[in-house]
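As written, the chains take the letters A, B, C, D, E and F, and residue 1 is the first residue of each chain.
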């Protein structure tokens, strides 16, 4: 465990402003522990939240697809906190059990073939290398 | 570079059967170098192809979404061959420049927040841990 | 959990010699669990301790800078034990809260841009490639 | 190789504004290929540059220490582009040959002990777990 | 924690068929939690089991050697579940304490020299590049 | 590319002593590029060589098994130099084409199941957790 989370009641105005934006943007009653830890560094808290908000906003990809990609990367990296929080976020965005199973299968398979490509030292096909 | 790729003209019947299935399934004239290297081990070639075919078939997720996830994981892992081949595959499945940009942004952001969560040793919120 | 740690009272002379050197070098009353586990393999215990002692000794870089680098790599790799132990070691060497925040921010940002460079397949600038 | 870099002469106003800020902040005549690739996604270009600028500005840690940490993480992750560019950046910030050797030694040792801690499943010492 | 494991008494016929094959192939009374979780996706359960069974069968390498390699990779990746389960599997296949120590030492050393090779940007010797 | 390799004719006595020990221990006419790069830091060169020599010496595991494990970890980590050099070393120690195929298959499969275990958040079986 790291330090104790920074709670709303003890947050500085700079932290509160971010917490409030997270709560209103996500329509939640409280922020999750990730933000309560980053609150120890208000500059990183603000930059990270604004970056996440920008990256995860609907764009060429819809919010569910974005969450599935975020989850796949977190699973591949083995970050226990991120797997838990982004599984929850993806479910909230509409991920079904069947979708979860397929994201895991793809993540597993990509990790396998990534190593086969490494180990066999496969030269990049000219058709791909542009 | 690894060994020279196994070409169609020199492939064993077991390898040819897989090559032919790849070519007809993907409607391509030739298989890419990854398969020509795995051909050195026909058992791994067959298992890997059949696994990839099963995992990447349309299901709860459409083929484009599946390719985007595969690409994100390959980028996160830094596999140069896989990044090149799956960028090409994703483009063929419909990935636009805007989608590519968003997949990269999510992959980068997930890698960043995964480390922030690690370093701050964020405890998993009870609401996530089910 | 792995096996139970090897305690001072039950250590062989070869293990004791290393434990004693750790305790006197670091001016601590007991060695931490990492060494009590490596004690199951006295050859690895001795080699690892002597290597760590050599690498972390003051040199062109001061001990605090060295600990910050060690922590950043451990966070990037997601090793929970190492994050806990090297956070403590860095604090003991003088890491302030502000420094901790900056090390985390850099580690996160490096992980993000590493993936952006991978995914965009950025060619190395001739000016760098020497 | 990815797409051809976006050069100054063909950049949009949004991209030019970032390029100009990089050039004046770093006192360089041209931006390196990383930014010329990110220019394909001006939103990511701007966010990434502003984040890097904020994170790498002098603070509790000096610019050289920050570059050494960035380099160590990039080496640990095996990002060839990032290793080349951040080796150059660290040298520019004052990294000597001796410092380079020590950063590499620490990065290597941390990767080794991270795996020993994983494999021996070392329990976190109560003294660290706060 | 993820979802509750799928137990034998509540498994579908497709899942039961895999569970029974695992139990008879491995001569165990119950399957371990990994399979009880994959049971949420019977297609992935079946493909993964059949792939593992094929890959881990005696071949040019004996079962113990195969388990040692599986363990080394799992330790290198920092997967806590996999380290625990493959340590147990390797012990069952004959891994002694001395062998365990050597696998850990090699895994640690490879992780160290992998980073030294990255950081020093060592060019591949012509003699190796075939 | 990094700096130019340190050749025998320009090496310091401290470097020469290590080069000579590598050549006589391995019965080779020249050292490979990895050592010629580490020669920029004679302390790291000596420590790394002595550590590798100790770890890879015959023990409870034979030299071929040790090389297979080293190769598997290097492939899993995606270190191009290390994959090339340790494929060559393993072949010299007796690795056949069939063994190579099996090492790759295990490395790929371990990477896949490591991620499935991460993503499904599989709780460690009590029987394993000792």
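Rule of thumb we're sticking to: a residue touches a chain if its C-beta (ideal position, glycine included) is under 8 Å from a C-beta of that chain, and two chains touch if they have at least 3 such contacts.
From a predicted model like this one, the values you see are computed outputs, not experimental measurements.
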Request  = Tell me, please, which chain's centre (mean of its C-alpha atoms) is farthest from the centre of chain C?
outcome  = B
Ask   = Which whole number of Å gives the spacing of the CA centres of chain E and chain F?
value = 20
Note = Between chain B and chain F, the Cα-mean centres are separated in Å by 27
Task = Report the inter-chain centroid distance for chain A and chain F in whole angstrom, where each centroid is the mean of the CA atoms.
result = 34
Query = Got the chain C residues that touch at least 2 other chains?
reply = 1, 3, 40, 43-44, 47-48, 51, 55, 76-80, 84, 87, 98, 101, 103-105, 107-109, 111-114, 116, 118, 120-121, 129
Remark   = Among line, ring, star, complete and other, the chain touch graph is complete
Inquiry  = List the residues on chain C that touch chain D in their complex, please.
reply    = 1-3, 5, 32-34, 37-38, 40, 44, 48, 51-52, 55-56, 59-61, 65-66, 68-70, 72-74, 76-77, 79-82, 84-88, 96, 98-99, 101-103, 105-107, 109-114, 116-118, 120-125, 127-129
Query = Quick one: in the complex, what on chain F touches chain C?
reply = 1, 3, 43, 47, 51, 54-55, 129-130
Query = Along chain B, where are the residues that touch chain C in the complex?
reply = 71, 75-76, 78, 80, 83-84, 87, 103-104, 107-109, 111-116, 118-121
Request  = Could you please specify the touching residues of chain F with respect to chain D in the complex?
outcome  = 40-41, 43-44, 48, 77-79
Key: chain D residues within the chain F interface of the complex   = 78, 97-98, 101, 104-105, 108
